[in-house]
Structure formats: structure tokens, C-alpha cells
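The first chain written gets the first letter, and so on, giving A, B, C, D, E and F; residue counts start at 1 in each chain.
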Amino acid sequence: MATLHLVFHPPRGPGVPAWFGRLRTGDAVFLLGDALHGIRENGPWRSLVPPAEGTRFYALKDDLLRRGIAAPDGLNPVDDAGFVALAVEYRTSVTWS
Amino acid sequence: MYKVLVTGNMVTFALLINSAPHSAQAHAAFRFARAAVGQGYRVIRVFFHGEGVYHALPPSPPGGSEVSLTTRWAELARDANVDLVLCSAAAERRGVWSGESGRAVAEGFRVGGLGQWVEACLQAERTLSFT
Amino acid sequence: MDGRRFLCVFRRAPHTDAVLREHLDLTLTLAAFEQAVELLFLDDGVYALLPDRQSLPEGPPSPAQLLAALPFYGLEQPPLVERESLLERGLDGEKLLPARHIGRHEVAALLGDADVVLSL
Amino acid sequence: MYKVLVTGNMVTFALLINSAPHSAQAHAAFRFARAAVGQGYRVIRVFFHGEGVYHALPPSPPGGSEVSLTTRWAELARDANVDLVLCSAAAERRGVWSGESGRAVAEGFRVGGLGQWVEACLQAERTLSFT
Amino acid sequence: MDGRRFLCVFRRAPHTDAVLREHLDLTLTLAAFEQAVELLFLDDGVYALLPDRQSLPEGPPSPAQLLAALPFYGLEQPPLVERESLLERGLDGEKLLPARHIGRHEVAALLGDADVVLSL
Amino acid sequence: MATLHLVFHPPRGPGVPAWFGRLRTGDAVFLLGDALHGIRENGPWRSLVPPAEGTRFYALKDDLLRRGIAAPDGLNPVDDAGFVALAVEYRTSVTWS
């Protein structure tokens, strides 16, 4: 079964974050709040989206707007209802903060 | 006010909130619950643990432009029948509630034990942690 | 109520007094309800698995003392710990409390196979 | 009880606490203040800002083995004349205190403005932030 | 009361609503007392210096909106920002609010030369 | 004038932490709480103590004991009174948490 990963923390360095190593094909990543800074144009997480292995990435439109970040290819902007739809679609979720 | 669509056989949620009210996690939890209810899903219980128990401090009388998360949770609980439960041990440890002095928690919240969180996990089809 | 498989993920450094204690209380309550519970320590959570070296200064119980109580609540399997989290913190050479070491790539399966994941 | 040595011309301290009571910073701040007073230094004011305002929730009646930081601060304040001031805006925002409802803060603490923190910074010879 | 040189160090990501607002209120109060105040943004604090790109969703004021108020309180010098903190976050190429860029090695002197450092 | 640096956070990766680059000769570093994990035998901060340029490192004896860490050469274990003495000796202090 696939998992929805809720990521709340901003990047802590230039490398691949620990949570990225805990994804498997079919999992989804939801970047929330300051986690969005990771996917700025030169942010350390930008190159992870979209990953080679079909993981999907999501973020709230509001969070993107508020931080002035344009969604890169492979990141799906959703509204609150979209967040709920993901939580329905994925049977388990885990939070990285 | 939150419009609740009545539909059959929809997924149910239980939420764990471990973060203080001014955290990103706390805000995300509320937005999630509000949207879930708005879409007709049932949030059977929200359990406030750890620093999350600070949600249950009675909010100051309105006046400023900010409406506290406490007030917004209480409104959602009333309109959509969401059970807001505070962990008694965590609340007592932080001075938010006291069994002996009868100090009150904010309207819409109640105090319970960890068993009520376990029950919610067993009843709900989806559990999310906002920690 | 049916039985479910719970995975409790411990991600935070344990020494800030109430935190580990509160998270373990939650885990022990799951055990008291006779649920299947796995404990997984990763990120800064792995510091909880360092044993006490000598007599401690007075104060709240140490992480090692708290974890020593798990078997009395029916949690007899030693907890899981992520190898990479240890390595990144230079803890791979340290003596640890009994634990089952797993790789980071195995975490995804644990998360997906659980019925409920609690991120603590 | 803290023995206060009376000595001449000693360094004075002002402390800023921005962290909730169960943080490492909050514990370090208290240990620092207690030791400073014990050595005869004067801590002229401790200012609780941000999440630090949760220190001023009245503690639950004693019973468990833990004595809350709130109680320990109050004792130190009484014995060594330390002024414990809560930022009114931060406290009101978090439901710890309300000017209108007259909700009380814990014994030994009082509510004040940011100006009182500035005054403390100008009077004290050393300022430490526990944030 | 004598005048002192204050250095206010902003180290946290600014979007968690009350945090930046409360820290700026403290800084503005120093200015109201006619103290010499420098603002230094470093570590995750540098995210506060990103300008708004478009009209914002409703909600609390943005960091850029909050910082725009500084000159009205007598803080006319743009804040200081540490270059390495920007670089480490991939923000060196981004358009930023007006700020004086300094190197990490210059921070030690700023800390030592201030009369009071407030870590926010 | 020299500064006392209060460090509260555990290591966030293998590299040199940002606060280390903000020291100058004569400054002192006080490692508190979970910051102590950085100077374990194979911890990422171990090699920074003692640094080439006369910076002094301190920690509370209690914090070391509670975490089972033996103080390396160049780290001075002190009690609470020693903490206060340092705050008297250094005119300014800064907190990294």
C-alpha cells in the first residue's frame, strides 16, 4: 500500500533529505508550509521533483502563492479539498517535521 | 458555518495534533479538518497531545483582527459534530487543565485519556498526525 | 473494534523531558488495547537508544530507563532503528540498547504495510 | 530557598525567554537564573515572549513528582526579588491572559509591555536570550 | 538610561504567523526608545527577505509587508543579511528585499561590537 | 569584545555548523542539551573541539552525564555556577537553537 508523506520542514542542507530515501514507487509527497522553500528555483530539493520513480508531489496553492514560488513541472498545486482527496486516496500517512 | 453533505459510506478521519497553535502543523490540521467536513467526510475525533494541548486555552475576547484557532476549532466542532479531546496528562503537565481545581478548558473541547485516541484510531479509516 | 497494525515513528531527540515520556505513554496505551505495535526510531529519535553509562544526576528518568519498561507492557520485541540515521549522526560505532536495525529503503514498506502510522 | 549573598558592584542580568516550558532552552534559563542568584548576582527581570508566555499558566496542584518550572520561577522570584514579566500581546494572542476577562496568570508573574523588556536591557549589564 | 547598540538576530523561517510579527514588534519598541538597532537575518531567517510576487491570499500580512513598515519606525537602514545563509538555501540568485549583504566571517564582529544581542 | 555562543541544537548534517563560522578568536562556545550529541566520539562536531584558533568550548557536567558523553580534550565541563561565570566574563551572548 502507498503512503502520503507530509513534509513540514525547510531544507536543512544541500543534500537529499532523509524523507526522500523513505519513499517508494506509488507514494506521494505533500510539501507544506516552509517545506516549499526546498523547491525554489535553486532550492536543494528542486531536482527531486519529479523523481525518476513515479512519486507524485503536491503542495497547497496558498502556500506557493504566499511564498512567491512558481510550481515546477511535476509538482501539483491543489486546494484544501485536494489535500483531503489525497488523504482518502492513500491509506497511511506519515509526517516529517 | 460549514455545509455538511450527507453521503453514504465515506472515509472517516482521526487527527492527532502535537504542535502548539501558532505552528504550521496546527494550521494545516485545521484547514484539513475544515475541508474534510466541507466535503462531507466525517472527522470523528481530534486528539490534542503534547504541546497541542495549548489549543484548549480559552481565547481572549475578540477584538483584534485574528480569530484564534481555538475559536475556529470550536465552531467546526459545533457545526460538524467533531469531538475535540485533550490528553488529560499532557494538559495537566502544562497547566492547561487541572482535575482538582476544576480549571475550565475552552468551549468545544473536552478532556480525556489516551484510550480515547486509541479508540479513534480503531474507528477511523484514516489517521493523520500533525506533529 | 478490530485489531490494527500500528507503527509509532519516533523522530525527535529524547532528552527534552516530557516529549519521549508522552510519546511512549501513547504507545503503551496501544499495547494495553492489545494492538500490534512496532516502534521505529529514526532521525534525531535514534538518540533515545543510547544506554546510560553511569549513575545519572537526579531528574526525570533517562530514555534508557523509559524504554526498559516496554517489555512489561507486552512490547517484547526490541524497537526498530534506521541504520542511516545512526550513520549520519556518527552513532554507528556506539553501543546501543537492543534494537532491530533496518535500512532506510525498508522504511517505505513498513509505512505502507501498517494500518495506522503515528508520527511522534 | 536561595541564599543571596550581598556584594558590591556585581554584574546584573536580564533574560529573554521565547520557548515553551518543556524546552531545553526554558530549563537552561531557569538553571542559569537560579545559579546567578545563588552566586549573589542580581537578575533584574525575566521577560517571557512568544511561546515563553506559556510559563505563566497557573500550575496544577502538586501531586506528581514533577515540580513545574512555573512554580520554581515563582519561588525564585519571591526569594531573590526577580521581576517575572509576561508580554501582554503574546500572552493575549495565546489565551494565557486576557485584559478584559481578568483571567489570572500564575502567582509571581505579572503582565507588561515590550517597553519593560527594553528597560531591562538598558539597565542590565548582560542580556541572555533563551529562544 | 544610556543608549546602547542592539543587534537583533532573526534566525527562523518567517511564515509561521505570529513569530516574525512578534520579533519585529520587539525590534520596533527598541527603535521607539531611540536605541541604535541593527537587524541581522541569517539561517532560516533569510526567507523573510523574499519579496511578494503577486497579490496574496487573504490572511496575516506577509513578511515583506511587515518589513516594509520598518522605515516608518525610524529604522531607515536596510537590514543585514548573511550571504552564506542565502547561498546554502539556493537564494543567492533570487530577487530580495533591500538588504546589506555581509559574509559569515563578519558576523562575529557584529556580535562582539554590539552592547546587547537579542536572538529571536 | 568577545561573545559567548549558546548552542542548543543537535547536528543537522555531517558538515561544519553555521555557528562555527561565526566565531572569532576569544569567543567561547557553550554546548547545551542536545547540542552535546555533536561531540560524541564519532559525532560531526568532535573535530571542531578544540579548534585551531583559541576558541574555548564548555558544557554542563549534568548534560554530559545524562547523555553518557565523555568530555573530549578541549571541552571544559562546568556546573551551573560556571555557566554564570562565563556570562559575566563575556559581554555579549548569542543563542543558536
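Rule of thumb we're sticking to: a contact is a pair of C-beta atoms (placed from the backbone, for glycine too) under 8 Å apart; a residue touches a chain by one contact, two chains touch by 3 or more.
From a predicted model like this one, the values you see are computed outputs, not experimental measurements.
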If a chain touches chain C and chain E alike, it appears here: A, B, D, F
Chain hops separating chain D from chain A, counting only touching neighbours: 2
Chain pair showing more contacts of the two, B-E and E-F: E-F
Label of the chain whose CA centroid is most distant from the centroid of chain E: C
Cα-centroid distance, chain A relative to chain B, in whole angstrom: 25
Centre distance in Å when chain C and chain D are each reduced to the mean of their C-alpha atoms: 34
Length of the line joining the C-alpha centres of chain C and chain F, rounded to whole Å: 28
Two or more partner chains touched - positions in chain A: 13, 33-34, 91-95, 97
Set of chain E residues in contact with two or more other chains: 15-16, 18-19, 88, 116-117, 119
Multi-partner residues of chain B (each touching 2 or more other chains): 22, 24, 27, 66, 93, 127, 129, 131
Each pair of chains that touches, named by its two labels: A-B, A-C, A-E, A-F, B-C, B-D, B-E, C-D, C-F, D-E, D-F, E-F
For the chain D and chain F complex, residues of the former touching the latter: 11, 13, 19, 24-25, 27-28, 31-32, 34-36, 38-39, 41, 126-131
Residues on chain F engaged by chain E in the complex (per definition of touch): 1-3, 18, 21-24, 27, 91-97
Complex interface listing, chain D residues touching chain E: 16, 18, 49-50, 87, 89-90, 93, 113-115, 117-119, 121-123, 127, 129, 131
Chain D partner contacts - residues on chain B that touch it in the complex: 20-22, 51, 54, 57-61, 63, 66, 68, 70, 92-101, 103, 106
Touching residues (chain side chain C, partner chain F) in the complex: 13, 15-16, 44, 47, 50-54, 56-57, 59, 62, 88-94
